[in-house]
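Just dropping this structure here.
Should a chain be cited, it is by its letter among A, B and C, assigned in written order, with residues numbered from 1 in that chain.
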Amino acid sequence: MNSIGKSSVSIVKYFSVILLLLVIISPVYWIFVSSLKPTPELLQVPPTLIPRSLTLEHYYELLKDTNFITYFLNSIYVAMGSSLLVVILTSLAGYSVYRCRYKGRHLFFCMLLAIYIFPRVLLLLSLYPLFAGMALVDNLLSLVITYVGITAPLNVWIMRAFFTSVPTELEDAALVDGASRIQILFKIFFPLAAPGIGAVAINSFLMSYAEYLFASILIVSDQYKTLPVGMAQFLQQYEINWGAIAAGSVLIIIPPLIGFAFVGRYFIKGITAGAIR
Amino acid sequence: MKRLKLLVTLASLGALCLAMAPVSLRAETVSLTLWHQEQPPRRVKRYQEVFDSFMKEYPNIKVTQHVQTWGEAYTKTMAAIRARKAPDLLFGIPEFTVNIKRSRAVQPVDEIVELLKGKYNIYNATLQPYHYEGHFWSVPLYGMNHLLYYRKSVFEAGGMDPEAPPKTWTELLSAIDRLRGAGVVQYGIGVPVSKSLAGDQFMYSLLVTNKAEHLFGERKDEIIFDNPRTVDTYKFWKKLYDTAPPGGLSWQWVEPQLALVNRQTAFGIILGGFLGHWEEQAKEKVEDLGAGFVPRPEDGQPGTIYYSNGVMLLTKDKKKREAAKTLIEYLYRPEVMGYFLNAQPGLFLPVTEEAAKANSFWEDPMVKKYAHIIKREIEQSKYGKLYGFTRDEVNPNIGRIAGQYLLAQVGQKMVIDGLSAEDAVKWGAEKMREAIK
Amino acid sequence: MIDKVKTKIQQDPLFGYLLIAPIFIWIAVTLFYPLLRAIYDSFMNIEFMGEEGNFVGFHNYVRLIHDSEFRGSFIRTLIWTGVNVFFQVFVAFFASVILDLEFKGKRFMRIWILLPWIIPVIVLATIWRWMLDPSLGIVNYVLRVTATISSPIPFLGSTDYAMITAILVNTWRWFPFYAVMILAALQIIPTELYEAAKIDGASFFQQFQHITLPSIMPVLVTVILICSLWAANVFDMLWLLTMGGPGTSTQTFPIYIYQKGFQEYKLSQAAAAAVFMFLFLLIYGTIYLRNVTMETE
């Protein structure tokens, strides 16, 4: 290819990349910038792309007037609890479904997926009395239990590709050497399947962190509210506090962003490994 | 040895009794849980202050408030009732009370109401929606209604008297024409017609002014929504809609307020919360805000939608009921109520004449500033009504009609499907009949 | 599919049962029980939550068939799902092709492409509603300033635009996830294949048709299945954006179910609709898997 051809390809390439970047970033830019605009500028028509003045008043007001830190800690607690349990349950189940043979294995796997399809909205109605019976209403544990249940089936499915892509030779060798099944499971298999397990953990964490519907119904007291529910208080009925909404949104986004900055690589590796078994 | 053992046992028993004594004293404290939907932090804070001073005066009663959003309110409450974890006290509007009452958890509050009626002049509009089946089911605490808002500077720019808002439907339409014609504003009035409470509220205020406030007939299972006056109201409504900015199909409370602030529209029929928005969010000047009664047709009546917010009693426990009565009595003291109402100045209106005169109410800085408008709001509130609650008896299925936002849906039928007012109203009436079957 | 996998370790079914027991119990309680409960409720005439009802057999299901709103939701769900899948797969594919290229910062992009997916839905909906607002929204502003349109479009407030707008927002949220999966498949394709084809004189499109597409087909198949099931079930995003409106223009099944149960207080009908949707998706999934597995084998 001549040099003109090469550079035009180059231009197209970089143009596409930048376009993609813009598409992904613009809403995040928007909310971030909005959170720093003073209220009268926020209400302006037409809106300003670049803020005319900056202020931290919304953040200040938010942190002062609401129990943001409490909500945040509750969300983290629930998200960590759920993802930990999901990892345990689904890795065990994953190994069982993909590596063991017994009657009903396939049936169970299909049932798992089938249940997942059921509209979540209605689950709410039956879960509440159940938790009430266990005295778990207004208790963050009820959210953990719910989220584990909701995300588990899909995560078993996600695990499929990772687990089946791990070569069996090592396990066979260990069996021959007389290792117990548990040893094989924990010392050999899980370390190899780590990317998949990691992907499941992150997936579960994000979902539990962001969930609103169940959290709004199962939790009553302010001290136990999770972030989405606590922040919904700013979506007032008769007026909207735009600045607070923007600042609140940014604050909600930051933890997953920071987290992802650390584990993002592994997550991608995980999904990637899974996609191409 | 035996004697020593005996002594030790006795001593421990004695210590145990002593230790338990404070417990039994503490047992006199009654604990009340109260759920409400006034989420904004300033309201929660103000309520807490009121409860704190109550608890100072009555140290043996403990009041704890919990906040939820209106979106969660019904499901959460019903779920809690089913799980036997219902709150003792629950704030709500009339339709909410009817729905919760189906669970048989709501207790009559006749004795509290009678007691308060004996002491104060309670506005009838606040009590009426809670009286049916021979009992009172909630004690009114605060009310909300509409006013017609406009910018005085817009009037001036259009050559109109800024102190003379339009009073009739014809006047409103001609004012809109005039202001649009003069190029002062692009649109006439913000019309929310989303399938939401805001949409219903707007419609209903118009219906009340045209004497079409009854959904139900004399018999509570009879729908009379499809009548000529209703049809005329929707015809007028459509005229207003035609002057409104686009996008009304997804508008709720915020957009009409913003449109007025941004000078897109000349008018807005809005709840009193607008004052807070005007003053604190938009940072506009009080001098520029004008407000009049909701315009009515020549042969109509003064009117507005009116939400009487009350507190329901869900507990059957005698001690708790006594404590609740004490709390409500405390809230009704004019100076307390004045302070309580200003959890949201301008939006929450007094339910008794005495509270309407309270210093604590008028001393609030916001209220002082907007006193002339708030006075008008209170005046207008006396002509307030609420759909489904205009008769002596209430249909228990009103919740289904309200939950579907049928008043707004009728408007949508006209705008989206192009139905005539007659056909749209007929459709609405049919849906209402279906809902109460 | 599972059977395709060669497993050498197979003895000791007890071990297998033990491992699977925890999740089984968990799901039985949190998913299975409510599902059965909902099926049970669908045969009753319960209206407000928490009330007792009477058995009415298939009455609710019959009512559904006659309910024009239900039929409308069904069609809308099909449209919603179909268009969502189409856009998401399409955009995901293009994004993955771009990400597969060599450029500065490609490692960064390949991770942060997931940005839309990480952000909690409630925040996403808030941001987009704001950005799409006719007055305050930046989208309308940009379109007007670039003279693309002359007056603001109420994206979420008009029956003409609401559905497509919601689909685009949902696509924006999900395409990165699928893009990463497709990218993985793309990266496996050995470059020698392309080079050989180029030497043979194959055009760009021929290369695509004969090398790229077949290589990513397995992943595409999985992606389409997951994508359709998830899209059909979307509730949060759609509810927060439009609440099913304006009118009924974005009322898909999940929204219909929510409205029937939580706004119109017709619980049993909502349950029947949910069961119907569940069965429909189940059948769809089964047929899809059968056909597709047979083809790729």
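Throughout what follows, a contact is a pair of C-beta atoms (placed from the backbone, for glycine too) under 8 Å apart; a residue touches a chain by one contact, two chains touch by 3 or more.
Nothing here was measured: the structure is a model prediction, and the numbers come from that model.
Visitor: Of all the other chains, whose mean CA position lies farthest from subunit A?
Guide: If we average the C-alpha coordinates per chain, B ends up farthest from subunit A.
Visitor: When I count C-beta pairs in contact, which pair ends up with more: A-C or B-C?
Guide: A-C
Visitor: At what distance in angstrom does the C-alpha mean of subunit B lie from that of subunit A?
Guide: So the centre of subunit A lies 38 Å away from the centre of subunit B.
Visitor: Return the distance between the CA-based centres of subunit A and subunit C, expressed in whole Å.
Guide: Between these chains, centre-to-centre, one finds 16 Å.
Visitor: Can you give the whole-Å distance between the Cα centres of subunit B and subunit C?
Guide: 39
Visitor: Going by the contact rule already set, what residues in subunit B reach two or more other chains?
Guide: In subunit B, the residues touching two or more other chains are 75, 79, 82, 258, 262, 264.
Visitor: Can you pull out the residues of subunit C that are in contact with at least two other chains?
Guide: Only 49, 135-136, 262 qualify.
Visitor: Could you list the positions in subunit A whose residues touch two or more of the other chains?
Guide: 43-45, 125, 232, 235, 242
Visitor: Could you pull out which subunit B residues touch subunit C in their complex?
Guide: Residue list for subunit B touching subunit C: 74-75, 78-79, 81-82, 99, 102-103, 194-196, 245-251, 255, 258-259, 262, 264, 399-400, 403-404, 412, 416, 435.
Visitor: Which subunit A residues qualify as touching subunit C in the complex?
Guide: 13-14, 16-17, 20-21, 23-25, 27-28, 30-31, 34, 42-47, 49, 88-90, 92-93, 95-103, 105-106, 108-109, 112-123, 125-127, 130, 145-146, 148-150, 152-153, 156, 160, 164, 168, 171-172, 175, 181, 206, 209-210, 212-213, 227-228, 231-232, 235, 242, 245, 249, 252-253, 256-257, 260, 264-265, 267-268, 271-276
Visitor: Enumerate the contact residues on subunit B facing subunit A in the complex.
Guide: 35, 37, 39-42, 45, 66-72, 75-76, 79-80, 82-85, 253-254, 257-258, 261-262, 264, 271, 273-274, 276-277, 281-283, 347
Visitor: Quick check on the complex: what are the subunit C residues that touch subunit A?
Guide: Listed in rising order, the residues are 2-3, 5-10, 12-13, 15-20, 22-24, 26-27, 29-35, 37-38, 41, 49, 95, 98-99, 101, 103, 105, 109-124, 126-128, 130-131, 135-138, 141-142, 144, 172, 176-177, 180-185, 187-188, 219, 222, 229, 233, 235-236, 253-254, 257-258, 261-262, 267, 270-271, 274, 277-278, 281-282, 285.
Visitor: Sort out for me which residues of subunit A touch subunit B in the complex.
Guide: Within the complex, subunit A touches subunit B at residues 39-40, 43-45, 65-66, 124-125, 128-129, 131-133, 137-138, 216-217, 220-222, 232-242.
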